[in-house]
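Presented below is the structure to which this report refers.
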Amino acid sequence: MFNYVVEPRFSETDALGHINNTVVPAWFEQGRLEIFKIFNPSLALKKWNLILKKMEVDYVSQIYLFSPVEIRTGIASLGNSSLVIHQEVWQKEKLAARGNCVMVHFDYEKQSKAPIPPAIREQLDALIIKS
Amino acid sequence: MFNYVVEPRFSETDALGHINNTVVPAWFEQGRLEIFKIFNPSLALKKWNLILKKMEVDYVSQIYLFSPVEIRTGIASLGNSSLVIHQEVWQKEKLAARGNCVMVHFDYEKQSKAPIPPAIREQLDALIIKS
Amino acid sequence: MFNYVVEPRFSETDALGHINNTVVPAWFEQGRLEIFKIFNPSLALKKWNLILKKMEVDYVSQIYLFSPVEIRTGIASLGNSSLVIHQEVWQKEKLAARGNCVMVHFDYEKQSKAPIPPAIREQLDALIIKS
Amino acid sequence: MFNYVVEPRFSETDALGHINNTVVPAWFEQGRLEIFKIFNPSLALKKWNLILKKMEVDYVSQIYLFSPVEIRTGIASLGNSSLVIHQEVWQKEKLAARGNCVMVHFDYEKQSKAPIPPAIREQLDALIIKS
């Protein structure tokens, strides 16, 4: 799994005193950049070839300011032209949130979804989370 | 269903040229305020009694700048101490995103989940989406 | 002056219980879209010809949730190739924040700042705030 | 000066392809936390004793994705009950933005501004930027 450490920001808190729920999807998006790199090594915006189809988040415990958070990112399963990414937020060695999202591999020239090429699939295989 | 109209912001776009995926959860949170009002009519932050347990979003089509967006919010189902809220984003009469979330009714004094009181349940019943 | 009404969002509050200071620049950016339209009537992103050079905000009083906010936008002064935009945030008939920003008119083909054309200047003149 | 390194986020870009201007104030707020710690070592939210009075940002050059950014924070000048904080954003050894803000020391019990105590002033002195 990829690990990405982020310091929660003051502007990410809300009036209830902890990190607002809507911040987790932005952290997860950032955590997925390492997987985007496999599909698009130059991270060229004009060749962006992964589309977010579906996202779900389970909120397990409150996330607080003033303590770093770790975003863990791995692959739950691989389909023909899509993959399920699993992500977790940890703070002070406690699971705070987790979620899966479905990303679709997209061929911009053909404007349609496209099978994941074997060379990419091989790299993704190494990131599959063993249960 | 409750309807809430919002103008997408320039700061909500991303480098791919449309509204960033992580914005939808913030719009949905805002759309749920009308349901929070039923549980907490004064919207007093110290008595906040609804907790987000789980959220999922399906991204159906791109959302663009310079055209207002409508957030529709209704209730998918009612449990003993929780409810499932269904929400949709519409732009130019096209469904752009939809999602469900699970909210838990919480008793702050007892620090535990609590049954939804009958008077509140009655108001929520009127918001249940008929299929 | 242009007026733009926005409902502060739950996700825009912070742990001190009111709207976070960093939200005001995003509201102001949105309020400036009407001025961008004068420079770029189709709001085409590829022809974006106004660049933010400098921004300042005075925070006058706290901004709260659950009450709409009005963003007022006018022109403080017009230069040869730049303009100073004045903006204010009002909530419950009280000035909450105000600020000026300097925008530079830019010629993308020449990659340099460019004089504001007379036809645009005429429309901007009508927005100059009289003291 | 304090240094704080942050990776620009995908959700912080805008449709023009770089980091949106409104993101810089949030990075600056985060960079000031080290100064807040001097005033409020426990960072207790209920004793928050610094209020942002005024903020200004000069945008010097575009900020891009996929390259870390350094936020530098020091003190420009010290008044009786307020201070001017100077901050800069650097990316790839290039100044991208800079700004000053005025923070006021506040006594929550008296609900008014209050002189900066000598012990705090001493620590702040060490952070004054020499020209």
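Going by the order they are written in, the chains are A, B, C and D; count residues from 1 in each one.
Going forward, contacts are C-beta pairs under 8 Å (C-beta built on N, C-alpha and C of every residue); 3 or more make two chains touch, one makes a residue touch a chain.
Just so you know, these numbers come straight off a predicted model, no measurement behind them.
Student: B-D versus A-B: which interface comes out with more C-beta contact pairs?
Tutor: Of B-D and A-B, more C-beta pairs in contact link A-B.
Student: Of all chains present, which has the mean Cα position farthest from that of chain B?
Tutor: D
Student: How many Å are there between the centre of chain B and the centre of chain D, using C-alpha atoms for each centre?
Tutor: So the centroids are 34 Å from each other.
Student: Report the inter-chain centroid distance for chain A and chain D in whole angstrom, where each centroid is the mean of the CA atoms.
Tutor: Their C-alpha centroids are separated by 29 Å.
Student: Taking each chain's centre as the mean position of its Cα atoms, how many Å separate chain A from chain B?
Tutor: Roughly 22 Å separates the two chain centres.
Student: For chain C, which residues are shared contacts with two or more other chains?
Tutor: As it turns out, chain C has residues touching two or more other chains at 10-11, 15, 17, 20, 22, 26, 29, 45, 65.
Student: Show me the residue ranges of chain D that touch chain A in the complex, using the header's touch definition.
Tutor: 7, 9-11, 17, 26, 29-30, 33, 43, 45, 65-66
Student: What part of chain C is in contact with chain D in the complex they form?
Tutor: 15-16, 20-22, 25-26, 29, 45, 48, 51-59
Student: State the interface residues of chain A toward chain C in the complex, per the touch definition above.
Tutor: Listed in rising order, the residues of chain A that touch chain C are 10-11, 13-15, 17-18, 20, 22-23, 65.
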